[in-house]
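Same chain, two partners: subunit A is paired with subunit B first, then with subunit C.
Up next, the complex of A and B:
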């Protein structure tokens, strides 16, 4: 297969495969994990390379496979300019972060886990930016939330890491729900979830009545992911992650996923007043709040976190302005922010690594300890501040320019450039603080470690990024221009506007604003001491995080209250609610139906025998309830009920059912008898009178409902599938017993599931009975010791004679099952009864010497035979469990139909025998639990 | 005849529900058994009742009973047995572990009111251990 037709999904799936390999490889060598992670990333880049070339030549690649057409889900990938920009950022910065993390992680940290999470996250991000189908995009979107949760909580032993990760997951996950709703609406409007269709339907969507709710829902998804006000507070709390994670997630990837969606939907959703108001306003608030708060952070990473929030706000604001040039500026700033912020996070990590703290009140004067790192940090911070000749300056100029363009007549419009400049002031101030406080400002205060330069390979990623900052800042046309051009084209899905990447645009308003920002920033930083004091005393406590904590607390309290209101740890109460609700729903159903209660069907005549039998059933049922304290007697009565039920099956032309019911009845009663031995023989009177009345009334009403419902159905005529099965049974299934043919042929797959359930029940019981702490009572409830001569002689003798006869009956019933009442289920029960009878009459020990009671192999064999029958059909090119049949003449037995379904029935037989015998014999074995011991406490 | 069957189903359901709501495990299992009888009869009756019609395909037959509900009920009977068995063994295990045959593994507590506001953050209150109620303590096993 030509790789170039599948390279997009390949690139996305590679990191996921790599994650598994890395996790496995780390068991052998920890550094191998890092190498493999790097190689995986390089491979993904390599796989993507030909596609990138095509995109730079102006193509849009789509690779799509039909997946679930009924819901509009395709397995579809798309690479255009926007996707290419993000994919490059994800992979290149990812590669640098992997190199950095290799030296950052200490010997105590598990490299395998880190890099496996990292690659999972990388794959999820690639999936988001390369998805053509929006539903598929949504899946990857959620995967980024989950994998970032793992990354943020990487140091699981730390409380703050767990809290931060949980907060990030709660907020981004909640936003994901909103986004999903938005995307579903979008898909409904367009009639397709594929981006190619959605991107062309911009006008239709903007004119649609559901435009506003869609916009709001998608915006919530974007705002939560990209840490926009008022959801921004998760980002600073996620700083408890290892610094490589912060460098990756909060510069180029996770938080940019929201921005990516803004860019992706820009041609579809932008251009309306609603868009500008919602996106623009939130972006502006975030820009200001982030820049302001960043200045007051004492934690290095805290400062960078708020600065990230502020820059994300800036990008959001630019998209919110809605013009094409603003979108160009936004894309440019995405690139620039990724480079300088990633390098700054890495510097913060280096400082943390080499000094042991991130508190800027203690880290001072590092210039002379780590001059190289200091120079890198200063350049990157200057880029963040928007100092000329660096990349941040260029995009900030574009931003100021767009702010001026956007300022219209209104007061709000006039305010945009003013607020933009104000944000610039704070941005310069906190950048200055990052430089001055850390690298100058006297001597370090009481550092845990003596600072020095980091290992060279830890610094190389920063070197690369800072060189990029300078290169883009000085020679934009020769560096970033082609990438920006395709990104703009991919975003706008049309002809890009004219824009200039020149460094010098002459003396104009943006330059003036830059100048004001620089001077103002320096001034603000100069008066920082009183500002800090004011902030500490007035603002600090008012964080949204506390509101969030309070809300979560309240939510948990309410949830706990509700849970406790319904679930008091009592099965009785829970059942009461469930049954009561069932009654309520049933009643509502009855009341809302206008149809007459009874139908027109001609009823069957009632004869005296039936009446007598029916009355027996009813009386026996009632008696089993009345006598339920006398457990043994109630059990006997219960057996009578079961027998009458099987009589009913005989009466109404269902011999198979009657046979099954009869044999199951015997097995059930034996089982309950065995169990009763370990339980109290009498039920104490504990229920209060009100409870009995309550339960009685509920039971009566439910019984009435069931009776009325049954009557309503039985008195109506209906079209059934019966004709099909009856006419097809002989020609299609080769059997005259339609019930059996349905079981082993028409609905063989159902039966397959049912015997699997039965086998599981048997195994589950076997597991439950291992090491059970039960002690057989030495005497019965009235104080008499149990009789020791367990096995009556006559029963012993007869049971031994009966054994081969019973097995023969089982074989007979099995063989005739396809054409006459019988079959695997019934034959299995009869054979099981034969074995159980031996155990009852002769004792477990005696029987175990003669019949192997280990039934696991029976269960396995039965399931294998049943599944194997189906497989054979598949091997012959038919669907699973297709049957074939032929005539066979067998002397004595006569002419009969041999169907492949018989092998399937054999599997059923084996499982039924295996499960039944396993259950009863395992339970019976408990009886042999050695010496009789005193009755347990709580015995009545 | 239909009325009689409907009545039987109703009585089986009522008796089953009442027993399922009891506090000890054994009546609950008995209730489940009754409920499964009721369910099987109900499912069976959905194919309408027919007396004296052949169950086997024959050339001379005038009509047949609906075989599909029968096939469903046949497996349902066997599965119900598996479920009853599992429930009763679970009851035995619970008795072994807690020393009580109460469905909640305890004798009824006089005051089961929940304690509120324990100030737990981010996690639900842990279930109260059985030991508090003085039952099934580890040192008490004979």
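Up next, the complex of A and C:
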């Protein structure tokens, strides 16, 4: 297969594969994770390289496969100029951040987890910018929200990290829902979810009646993701993430995803007054609010966070202006902001790393401690302020120019350049604060660490980015021009307008505005002391974040209120309502039916044995009700009930059910014994007498109803679905055991889901039990001391002899399962019991030494084998999980029907063993923590 | 011959089943009840084998085998609980 026809999906999926590899490799060597993450990124760049060449030559690449045509979902990727710009930013800055993070993370932090999240996020971002199909784009969009949640909450032990991550997820996830609705509307209007069609349908969409709702919904998605007012507050709260994450998410990727969509839909949605009002106004407010609040942040990263919000507002505003030249300026600023903001975040991380704090009131005068870093930071901050000869200046000039062009006649229009200049003033002021407070302004105050230069490799990414800032600022035509040109072409989907990247345009209005911003910024910074005091007393505390918290609290209150209205926390109450309603409906059903109660079938003759067995069942069930307060005895009696039920299954020709019932019965006893150890031995009496009568009558009536219903059904001849399966079992599934063939073949997909749930349940229980410490009782319920001998010798010996025999039975039941009673599930339970028996008789430690494989890998292997079997069928061109079967002649066994479903059954077997043993043994380990040693009688 | 013996055998095993049930009902102690459950398992095995003989099918023997192989695990767990409380150490 020619790689150049699949390189787009390959580049997107590579980081996801890399994430798994990195997480695995980190077990062996910490730094290997960083190396592998870097190599994955380079590989993705390499795979994309030929495609980028083609795009720079003016092509648009589309690689598409039909996926689910019924809902318009294709597996489709697209690379044009806009996608190329973003893909390059994601990968190049990603590479620098990986190098930086390698030195940033301390020995306590898990490298594998970090780089695995990082690569997952990178892949999701690439998916967003390279998707041709909008539904597929949506999937990657949600993935960025999820993976950024993992990144922001990377330091899981910190409350603020968890809270910041939750907030980011709630806001961006909520916006994602709005975006999905917008995209669905868009697809309805155009009749296709493919960007190629949507981009051509701009006229049609703008004239459509649903244009406005679509625009608003998509805008909400964009605003939440790109931290636009009033959704901006999640971004500063996400600053509790490790700094490499901030450098990556808030410069080149996450927050730019929303901006990317603005650019993507620019030719489709822009150019209407609605667009300009909505996008432009929000952009302007965000620009001003961000720049204003940034000045008052004492936290280094807080300042950068609000500055990011402000710059995002600037880009949004430019797109909102709606002209082609404004879009050019926006794209240019996207590139410039990514370079200087990434380097500034990295500098903030270095300072935090080397001084132990980010509080600008304490870190002062760092110039002499870290001169190299200081120079880098000053250049990057100057670029942020828009100082000439740096890249920020060029795009800011373009912005001012567009602000002047847009001003027009109206009063509101006149305000645009004024507000733009005002934002420029604040942006200069906070950049100046970043430089002056941190690197000058006297001596450091009370730092936890003695500051010094970071390791050289931690600085290299900053070096690279700052050199880019200067190179673009001085020689734009030789550096950024080609990239900007293709990006503009890709965004506008047409002939790009004339624009000039020159540094000097003569004395004009933008230059004047730049000058005012610089001088004004210095002036504002000069009077900062009274300004700070005013801000502290008046503005602080008026934050949107409090409104958010209040709303979330209210929401939870309402939800709790509704829940409490129905669920009073009493199982009896809940059962009463559910069962009472069932009884009502059942009675109504009986009464409304005119048919005779019993059917025509002749009843089977009654024999004495069945009578005895039936009596046992009934009496044992009754006994378990009467004795339910004594939990151990109730358990014994329940064991008898289960046994008799399985006997009944045998009698009425359901051997599969009987075998399953038996195995489950034993496992249940072991499970409950394990739990009972930590629980009270007796259930206290709590219910009032009238409740007992009420519940007893209800239960009796329901039992009667169920019995009558069963009789009514069983005495009738009915054609059931079973006949179809019985006749199709051998020709369609290659097995004579209908039950097993249904499980592994006809309903294979269900079983696949069930074993996945089983594996998840096993893992969930494993995770839940990890931190639990339970105190074991020192004596039994009657106050007797426990026996001295932990594992009686006779028991040990016999259980060891039995182990291979039980496994042999399991193998036998498994192999035979496709044709006669048995199969992977029952065999799995038997094998699991064999292992559990060793744990019971010989102890957990003894068994763990001999069965070394971890049950996690059994679960994983089982799921892989089961899914792999299905995949093989797909690879051969059949639907997922299609089964094939053939006859083989084995030397001893004889003629044998071999079906591919047996491999699937193998997966079921492995998962059942893994989950059962894992759950039981983990429960068994509970008391190994802090268990007080029993006081032995006679020894004291 | 077998046909003559089988009804008798069924009758006696059923009686044994009911006697075990009686022990399960009255106890009086937990060990009595655990033993009753274990005996119930034995009775079941016997019933299954007899049933297999009656029907002339080997399938019932396998169910009996399975009970034989696994049934006692429950008894072990219950007994060990009485002895040590902690059944997996």
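Operating definition for what follows: the second predicted complex is superposed on the first by the 569 of 940 C-alpha atoms of A that agree within 3 Å, B and C clash if a C-alpha of one lies under 4 Å from a C-alpha of the other, contacts with A are read in each partner's own complex, and residues count from 1 in each chain.
Here is the rule we go by: a residue touches a chain if its C-beta (ideal position, glycine included) is under 8 Å from a C-beta of that chain, and two chains touch if they have at least 3 such contacts.
Keep in mind that this is a model prediction, so the values were computed, not measured.
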| item | value |
| --- | --- |
| Touching partner for A:670 - first (subunit B), second (subunit C), both, neither | second |
| Which of subunit B and subunit C A:655 touches, first, second, both or neither | both |
| Partner, of subunit C and subunit B, that touches more residues belonging to subunit A | B |
| Touching partner for A:604 - first (subunit B), second (subunit C), both, neither | first |
| First (subunit B), second (subunit C), both or neither touched by A:389 | neither |
| First, second, both or neither for A:830, with subunit B first and subunit C second | second |
| Touching partner for A:471 - first (subunit B), second (subunit C), both, neither | neither |
| Which of subunit B and subunit C A:62 touches, first, second, both or neither | neither |
| Which of subunit B and subunit C A:640 touches, first, second, both or neither | second |
| First, second, both or neither for A:579, with subunit B first and subunit C second | first |
| Doubly contacted residues of subunit A, that is, touched by subunit B and again by subunit C | 635, 651, 655, 676, 820-821, 923 |
| In the complex with subunit B, residue positions of subunit A that touch it | 163, 166, 552-553, 556-557, 560-561, 563-564, 568-572, 575-576, 579, 601, 603-606, 610-611, 614, 617-618, 621-622, 624-625, 628, 631, 634-635, 638, 641-642, 645, 648-649, 651-657, 660-661, 664, 667-668, 671-672, 675-676, 678-680, 683-684, 686-687, 695-696, 698-700, 702-711, 713-715, 718, 720-722, 725-726, 729-730, 736-739, 742-743, 747, 750-751, 754, 757-758, 761-762, 764-765, 768-769, 772-775, 819-821, 825, 829, 912, 915-916, 919, 923, 926, 933-934, 936-938 |
| Parts of subunit A lying in touch with subunit C, wherever the complex brings them together | 608-609, 612-613, 615-616, 619-620, 623, 632-633, 635-637, 639-640, 643-644, 647, 650-651, 655, 658-659, 662-663, 665-666, 669-670, 673-674, 676-677, 776-777, 780, 786-787, 790-791, 795, 799, 802, 805-806, 809, 813, 820-821, 830, 833, 836-837, 839-841, 843-844, 920-921, 923-925, 927 |
| Subunit A-touching residues of subunit C, taken from the complex the two chains share | 10-11, 13-15, 17-18, 21, 24-25, 27, 30, 33-34, 36-37, 40-41, 44, 47-48, 51, 59-60, 62-63, 65-67, 69-71, 73-74, 76-78, 80-89 |
| In the complex with subunit A, residue positions of subunit B that touch it | 1-30, 33-34, 37-38, 40-42, 44-58, 64-68, 70-71, 73-75, 77-86, 88-93, 95-97, 99-101, 103-104, 107-108, 112, 114, 116-117, 120-122, 124-125, 127-128, 135-136, 140-142 |
